[in-house]
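Next come the structures, one after another.
Heads up, the next two complexes both have chain A, just with different partners, chain B and then chain C.
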Partner chain A sequence: MKIISKIKEIASMFIKQDLSYSGFTWASMAVNILGIIVTYYIWMAVYGSKTEMHGMSKNQMITYIILSGVLLSGVQWMLNLYISQLIQSGGIAMELLRPIDFQLSLFSARLGGFVSYTVIQCIPVLIVSSLIFGISPPKSVICALLFVISLLMAIGITFFIEFCVGLIAFYTNSTWGLQHMKDAILFFSTGAVIPLAFFPGWLKSIIVILPFKDIVYTPVSIYMGIVTGEQAIKAMFFQLIWLILFFFISRVFFKFAIKKITVQGG
Partner chain B sequence: MKIIKYAKLYIEFLKQNIKAILEYRADFIVGFLSTLMIQTSGLLFVWIIFQNISNIKGWSFYEVTMVYGMLGLSKALFGLFLGNLWDFGSSIRMGDFDRILLRPMPPLLHLAANKIHHNNLGEAVVALVVMITSLLKLKIYLGPTDIFLMLLFIISGTLIFSSIILITATLSFWMVNSKPLTWAVYTVSNFAQFPLIIFSKVVAVGLTWVLPYAFVSYYPATHFLNKGYGGISLLSPVIALGLWIISLAFWKFGLKSYTSTGS
Partner chain C sequence: MSIIEAKNLRKEFRINKKKEGLSGAIINLFNPKYESKIAVNDINFSIDEGEMVGYIGANGAGKSTTIKMLTGILTPSSGEVWVNGLIPYKNRIKNNLNIGVVFGQRIQLWWDTPVIESFRLMHKIYEMPKEKYKKNLEMYTELLDLKDLLNVPVRQLSLGQKMRCEIAATFLHDPKIVYLDEPTIGLDIMVKDKIREFIKTLNKEKKTTVFLTTHDLQDIEEICKRVIIIDNGNIAYDGSLDEIKNQFGKHRIIQFKVRNINAEIDNLFEEKKDTISVIYKDGYDLHIKFNGQEITAAGVMNLVSPYCDILDLTIQEPSIESIVKDLYRK
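For the complex of A and B:
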């Protein structure tokens, strides 16, 4: 039980920290909405007078764009920037001395961030863009339930990916560059701006193998009922496998990278 | 001549910057690749869309990428030379800006010369390649006048970006941190990566008269692509110059009313 109170403590600390930078909260909400609006106009121009493309109606496309736009920013937490800064400032030495596993401590912080960032920032963006463009409800109650589970796994996968990206700061000082590389890869490989059905065949088969689609495409397509029943369960099963895999990758990478710190001596 | 003296100083700073880049080569490569990848992923988005349709509202793939490239190049050049404006707010808060004020050099020039944001080189390279490819694929060959106009448009675009960001950065003289605002205003330029014609009237008016990013990409591109609006494109240098004068005046006004943090 002691561990739970530690988690609670760290989480509430990060909620306060996030909420104290209100300027950035407003800005990232604006940036998120702007991104959704740009994507909206492009897709509406693509549809033109067509009512359906690749089995998706115009209205479904709008729902897809809004939901995936919100999700892409909501599942991320810029954990990589936080870790990179800890590494570059040497603050990581202090973190390692704390009587709690480093990754667990960050996970607790992420739980706090779920309240102060994911909920407080994404819900307004979702509401505003839904009011502007109109969003469809989930296909069914079961779809909604599966969506929530899938979303939580997506947040988990992103957490471990960001953790690994952050650790690369042991090898380069270009934190900013790593952040942009992450952005560039996630932008299209998650399916956040383009549903998988629109990808040309060969590219689609690459995207399907990669884990990134599970960050946005999988939860959104479950919500919308693009994948249902057995297919949905299968998709979530693969999500779970990626989640576990990334958990181990991040642990191993951390063990390996941390040796560098002893070399530097501090 | 003051200008020659400042130019020499700037080159001196540039040399030091290049030394730093050569020292941290891995960081340079990561930074270079990162902006290159951002631009490429945006282009990939456009390319995938054009795998599904042949044109968007009468614009072909290479016509769209021409607009995309022109915005990218001006944006990259702004970042390269004036990227330091991003951290202007924090340099005021940390008191670093006071040091700059003590130097015998215009503060804005000093700020610009302090750090060349070499990361943006990747962005510039992609944008340039995209523009050239688009023109070649569309079989548009630029004569001497058009090449001159192209240079003028790119400089104008860079000035438009610089002016808008200088104005939001200058607000840091009074605000605790204007970076979030700068970020939001900068993001609006994403609209202008695409032909204005696909957006609603409100957005089009906004991008023309409020945050005139359309003069960076869309209007100049229409000149070379023969898409109407060619005449309006000639307004681009005028607007750029006007905005630059306004933003410089605002910057100087900010400087005058600046009282240090005291630390």
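For the complex of A and C:
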């Protein structure tokens, strides 16, 4: 129970921090909405007079694009940047002096960040864009429930991936290049900009094997009912496997990386 | 019973030795050369509960490395260390519950939120009972005069205000041991005084063990009875502050500004070299080193004044650095 209250307290600390920059909040909300308007018109142009492409109607497409755009920026957290800053500034020493596991403390912070993102970014943006463009609600109540679970797993997977990328800074001191590579990979292969159905066959078969689609494509397609029933459960099962796998990878990597700091002094 | 115990504690770092210039940079890329540097060399000490120990030495002497090993964020290369019955680098998180650390150049408070939020978070993550938190918060607010600061975001505080809050945060969970790494660096005399008073009070009332590094001799004089001096990774002295001052701090220096200096002054002190000597003479400057126990500053002036016109003078107090230097020369 003590651990829960620690997590809660750290999470709420980060919510407060996020809320303390109101200018930033408004600006990023504006950017998000602008981004959605741009993608909306791009896809309108792509569809032209067609009403359906690759089995997706115009309206489905709009829902998909808006939802996945909001999701992608919601599940990502720049954690790797944060960790490499801690290393470069030496602030990592302060973090290691707190009476809580470093990764757990970051995860708590991450949860707080997600809550504040949802409240001050996600929900307003979704309301505005559904008023302007129209977003379909979840296919059914079950879809909505599964979506929430799938989304939580997506947050976890992204967290562990970002955490590992951040740990590389323990060795290289900076993850600027990796950061951009990771962003590019996520941008493309999560299915956030282009739905998986639109990829050419060979590329699709690669992306399907990779874990990145579980960050955006899987939760969104569950929400929209693109995958349902047994298929949805199966997709979530694979998500869970990736989640556990990345958890272990990050733990093992962390053990090694922390040794590097504590043995060689960073 | 000793609360901190270090036995043959040693830390070596592997340092990438880079060659100079562009070609050196390229060679280094393919064939990096390493050399090991001993930061802390088999040191031994033990500190009792409730003691306040000053740990001093020049920059790069190994002070911070020692603190990092005692707090568990560095693993020793060899040797043993126990803090409160735990081996810190093996039980870091558990050990963290018992200790408080101030690094004068870093900040543990959360930057964007009011100070009180950081305190609240400390209260939770250090698993403190609510009553204790309230009681301590009240007491520290009073002692360090934090009343007007609690609701200000940390980033808007001045250095002195920040440090007062930082010190309060460090002591908030009643740590058994507090490590202070240059806590008064860059602070004005008022704030320094307040912080010193605070540390002394808490040591008296809660038996907090204090391990302090500083370059400010005044800090040591006011807080610590015991001093450990480290030089080049070795312990050069471990004992009472009074003794060290008698032994090594007796030499002081007067810097004169003079005119019409008589060259005979060079030979003036030839017979009593150990008591008084000229250490620097150039144009208007004349620096005289003297043993404070055998001759007073006024006495030195009387001796010097027949040989020149004294325009101005300053008396240098013995600094930690000069004591360390003295000590190491022996």
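Everything that follows uses one rule, which is that the second predicted complex is superposed on the first by the 254 of 266 C-alpha atoms of A that agree within 3 Å, B and C clash if a C-alpha of one lies under 4 Å from a C-alpha of the other, contacts with A are read in each partner's own complex, and residues count from 1 in each chain.
Simple rule for what comes next: a contact is a pair of C-beta atoms (placed from the backbone, for glycine too) under 8 Å apart; a residue touches a chain by one contact, two chains touch by 3 or more.
Please read these numbers as outputs of a predicted model, since none were measured by experiment.
Colleague: Looking at A:A144 after the superposition, I want to know if it touches chain B, chain C, both of them or none. Which is it: first, second, both, neither?
Modeller: In the superposed model, A:A144 contacts neither chain B nor chain C.
Colleague: For the three-chain arrangement built by superposition, which of chain B and chain C touches the greater number of chain A residues?
Modeller: Between chain B and chain C, the winner on chain A residue contacts is B.
Colleague: Touch test for A:A93: chain B only (first), chain C only (second), both, or neither?
Modeller: The answer is second: A:A93 touches chain C but not chain B.
Colleague: Kindly classify A:D183 by the partners it touches after superposition: chain B alone (first), chain C alone (second), both, or neither?
Modeller: first
Colleague: Could you look at A:L210 and tell me whether it touches chain B, chain C, both or neither (first, second, both, neither)?
Modeller: neither
Colleague: Which holds for A:G35: it touches chain B only (first), chain C only (second), both, or neither?
Modeller: first
Colleague: For A:F198, is the partner it touches chain B (first), chain C (second), both, or none of the two (neither)?
Modeller: Only chain B; A:F198 stays clear of chain C.
Colleague: Examine A:I123 and indicate which partner it touches, taking first as chain B and second as chain C; both and neither are also allowed.
Modeller: Neither: A:I123 stays clear of chain B and chain C.
Colleague: Contacts for A:I241 in the overlay, against chain B (first) and chain C (second): which applies, first, second, both or neither?
Modeller: A:I241 sits against neither chain B nor chain C.
Colleague: In the complex formed with chain A, which residues of chain C make contact?
Modeller: 13-14, 65, 68, 71-75, 89, 92-94, 96-97, 99, 101, 103, 106-108, 110-113, 117-118, 120-121, 124-127, 153
Colleague: Using the touch rule from the top, collect the residues of chain B that touch chain A in their complex.
Modeller: Spelled out, the residues of chain B in touch with chain A are 24, 26-28, 30-35, 37-38, 40-42, 44-45, 48-49, 51-53, 56-57, 119, 176-177, 179-181, 183-184, 187-188, 190-191, 194, 198-200, 203.
Colleague: Which stretch or stretches of chain A touch chain B in the complex?
Modeller: Listed in rising order, the residues of chain A that touch chain B are 23-24, 26-28, 30-31, 34-35, 37-38, 41-42, 44-46, 48, 53-54, 171-174, 176-181, 183-185, 187-188, 193-194, 198-200, 203.
Colleague: Under the touch definition given earlier, write down the residues of chain A that touch chain C in their complex.
Modeller: Contacts found on chain A: 2, 5-6, 8-10, 13, 16-17, 20-21, 90-91, 93-94, 96-101, 259, 261-265.
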